[in-house]
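Shared between the two complexes below is chain A, which has chain B as its partner in the first and chain C in the second.
What follows is the complex of A and B.
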């Protein structure tokens, strides 16, 4: 999705390359320089015969490859459809057996003789914890990405970028255990402080206990999505055409103004895509939240009191001892999570699509 | 030659590790001579066993499998702690040779499991006894004593302060702070919760109105995943109280409350006091089926009443011929006194002798 603008932009810079090459940043102009060469050199590869069309054999390969890609494309659809059918088939009996309203009941007891379970509190907790995690992570991640791409010395930038990527490789259970055993203490103290001075704001109200709260879960989540957002947006920022940056600088813009007028608008679709990927991870995070949240089944905007629950965490908690109805109920909750993720993704695509049109017409 | 040398080295290393691990804890040392003494009784069989189920007996199984495989070369026994429900499902589906479960087969599960056993039926063999500890974190208060009714009130949210009259009445002479009680319960569905709530429901009906279930149903409190999660949360904050498998409370170094029993005394949690409750339990199964009904109101002097019995579920008859010797041999080992005494260090209580002999006899009858 984010690839077509850079290509046209590179082509644009290609022409001006010669004039600016002496002071252009190494990364951008090196990439540009490779492209023209590579189109010229493969000329000798087999077009010697004066442009005669290749034999039908090539068309056979052409058709076969087309068929292969078509098959691959269809397979994805078939697999998704099969999964959907399976999930719905498993979920429907459980939903039928449910004796309370699936959307509003606050609790999850599908293994009882009279199954009772509701998704409301879980869905709310899922969205709340993810949104807060993003609110915490995105500014920091963009700051890191801008520093790495435009401020840090190149060598330091590469090293730091490597470290950030390393953070993405840490298993989520490690984050969860760390959050539960070590981070919950400071968060509890901080929450108590917030409660003392800001309890007039509902989200910091309540009278304890604090610690195993949405705040802790969101902080841990924020650390987990940080590397994803950082490394993606760093890549996007590095793709900014040097010409745009230098044009801004030439017009007398400061570093910060250059970032604001050239880099950020250019990278906006990429940033949104990165944030959405981060949100996807946050929505689906299972074990880290199952370990850090206080697991209660109520809808509350209070961020610092023990509590909170998410769909994925509930699946991790309830799956081991679930009976037939219990598993069906969990699958139904999985479908709701799927729907939430789908809505988020569609929204993101729509935003990116509109933005791209905007940036292209502006350019 | 070279290979042989490697073999010798490996043997040395193995012996060294064994010796070292034996030194690790005094109880193990006491247990190992008896274990090696009875090794003659274990007639080894070869092959592979796949079992799964209750996570409450995970540590016990791990210990037994390690010990058994050391005695009997060439056997592979896998135990996947996937949960009691999943274990029974796997047993019914035929993917588990035996299942570990926190509760005996239910009426609706029995026929499905029996169908797996050709001519025989699926039987419950009590094998691992896990006492449930009520651990607390309250500086300056040692030897906390709680009657079941007080415990029920605390976990139901009716008693919210540590210096409540009900707690004071149970602990004459103790100085209790006026802080809020934070209760911690399991957030995942578990046999521990099932037993704990069953205990509360049976002993203090008036104060506990949430019945028994694998999920925690009382309002309030904080959830934590797994016994280790509960232990970690209790350890992490002052004024907390939670229930967990015994070994986790011990490992976390938490204070364990004495619980009032039917005889009207406060019993400390020890392997013996937990065993007394099991010895007094009624066996409701027929024949070799040793399904038990624990009397939580036990009048037995000194009995610790909150005890979880976990079973191995196996076929009485109709075990596949290639698996039978190994099933009998392995379960025979776990039911032996050596097998049982190997568990005390892990926070389990050994089966009382009266029950153990029955289990051993039932295992011998498997065919």
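What follows is the complex of A and C.
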């Protein structure tokens, strides 16, 4: 088993894409990487040596650049540490002053002489609206991405991809206003319809009014995270080695079977990353939800009745009239949001890591 | 198990570029046929026309007729996936599915055919891996990723994947060009064994390989860059390499051109 290239899987598979007629020399892609090296080969006596070897320079561009990158890397840690210290320092006094249980109390009155505030309802609303937004957005986004990468004619795919990216550039306040002033109408009608026929399911129960609900917030959120998930998964799908797609086709796969056999498994880590980025955006989304949700402070799984609130939306709504304790309370809620995001990201990493044996060679 | 392939006036295009022109060639069942010729002469294109993989590339199309036991695979109502199931293909670079285990790779084709039963899959996987001379090396690590094998093992895994669905014909597009001599030898040995059951067509740049493994050899060439590739000579391998009837073939084989 003295066979040579053990990890040639991806370097090799990328190669066939470039060679239009497959008669090109093997390893064309590998050769590209070597090209810069060969330009350094001796051109004359000056570069190629001869005479004594020069000493390595103590302070060259090499070192300067190394220092620069090190500084940039360290800066991230310093900034995060500084923010954490600031947040904790501000949050702790407010949490001390809180007269009720921070985790379970359903309400937000930190500005009262006897401050009462709880994170439960807000955290619940945050997670609920984000999860529903993802449930709505991910299938659509993956569908669009697969269409753009593997079905649409190349030109149409590029144009549509551009439009999708444009959707990501719309400010969230615009989405929020659109959701509140226009989209809430149809959603209210749809909610009433759901309530009429499906009120036996708790999430569609209640007596109204409908409209400014978790459903509306989630729909707006779904539209907002759609472009991120779509364009990232599209990139991932486009990177599937042609060789793997051809392997599937040559086994007699239909186009959908080819996508299922070669493209989707290959893109799995990328899809998870895309979904997590979308979830991160949804969890942190502030103004669109502040504008569309009904702003209540109770834990309820009802999706269609007016109500719902999220941590970020609450910060946007309550910050203006908050006193010292109020601001501390909001900062404490921000810390909780931070923790939620962290947990989500760690989970995603764990999922990707669990199958690293298979994804390493693919990535 | 094996079928006769007849190509008549096969012409293939990449967009407006004519890659091969009027190829006429008959391949007998249970033989190894080698396609040789200089780069860009269209041997791979012709090979990919045989299982309709050529048309996968955007803008690529094929004219003429190609029959497998008198059935034209380019007829309008023919199911492309059925053609490809009948005619397996091994590629230049080993291309196991990177996300799948060795076992899953081998049975990928069977799964596509809707076979779910574990016992059938197990049996077929062992049979295919044994046929590909890979069983002894991987039997203890079937659940490990296929991409973790060495290059030569990966290529044999791809051969196992191809023959697991029991095709009639196996096409090989320079299957050894990315492999070292020992792995190459293993695959050549394999071809001798597989010839009992399958019709094999192999594209190769290595003339010694063509001489070693094939019964018949087809020599393709082009006049100059940009011209379509043509079939120059097609004969028994021994004759092609000892006493070719066309001067151009002789020049190529003796290394005076190409």
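As a convention for this text, the second predicted complex is superposed on the first by the 301 of 363 C-alpha atoms of A that agree within 3 Å, B and C clash if a C-alpha of one lies under 4 Å from a C-alpha of the other, contacts with A are read in each partner's own complex, and residues count from 1 in each chain.
One rule holds in what follows: a contact is a pair of C-beta atoms (placed from the backbone, for glycine too) under 8 Å apart; a residue touches a chain by one contact, two chains touch by 3 or more.
Quick caveat: nothing in here was measured; it's all calculated off a predicted structure.
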When both complexes are superposed, which of chain B and chain C contacts more residues belonging to chain A?
C
Is A:246 contacted by the first partner chain B, the second partner chain C, both or neither?
second
Looking at the overlay, does A:268 come into contact with chain B only (first), chain C only (second), both, or neither?
second
So, A:294: does it touch chain B (first), chain C (second), both, or neither?
first
Have a look at where A:306 lands relative to chain B and chain C in the superposition and call it first, second, both or neither.
first
What is the contact status of A:118 with respect to chain B (first) and chain C (second): first, second, both, or neither?
neither
Please indicate which partner A:321 is in contact with in the superposed arrangement: first for chain B, second for chain C, both, or neither.
first
In their shared complex, chain B is touched by residues of chain A numbered 107-109, 111-112, 180-181, 184-185, 188, 208-209, 211-212, 290-291, 293-296, 306-307, 316-323, 326
Which of the residues in chain A end up touching chain C in this complex?
1-10, 12-13, 15-16, 20-27, 154, 241, 243-244, 246-254, 257, 261-262, 265-266, 268, 355, 357-359, 361-362
Given the complex, residues on chain C that touch chain A span 14, 19, 39-45, 48, 51, 53, 56-58, 81-85, 88-89, 91-101, 108-109, 111-113, 137, 144-145, 147-154, 158, 161-162, 165, 173-174, 177-180, 182-183, 205
What residues on chain B touch chain A, complex-wise?
55, 82-86, 180, 182, 187-191, 213-215, 217, 222-225, 229, 232-233, 236-237, 240
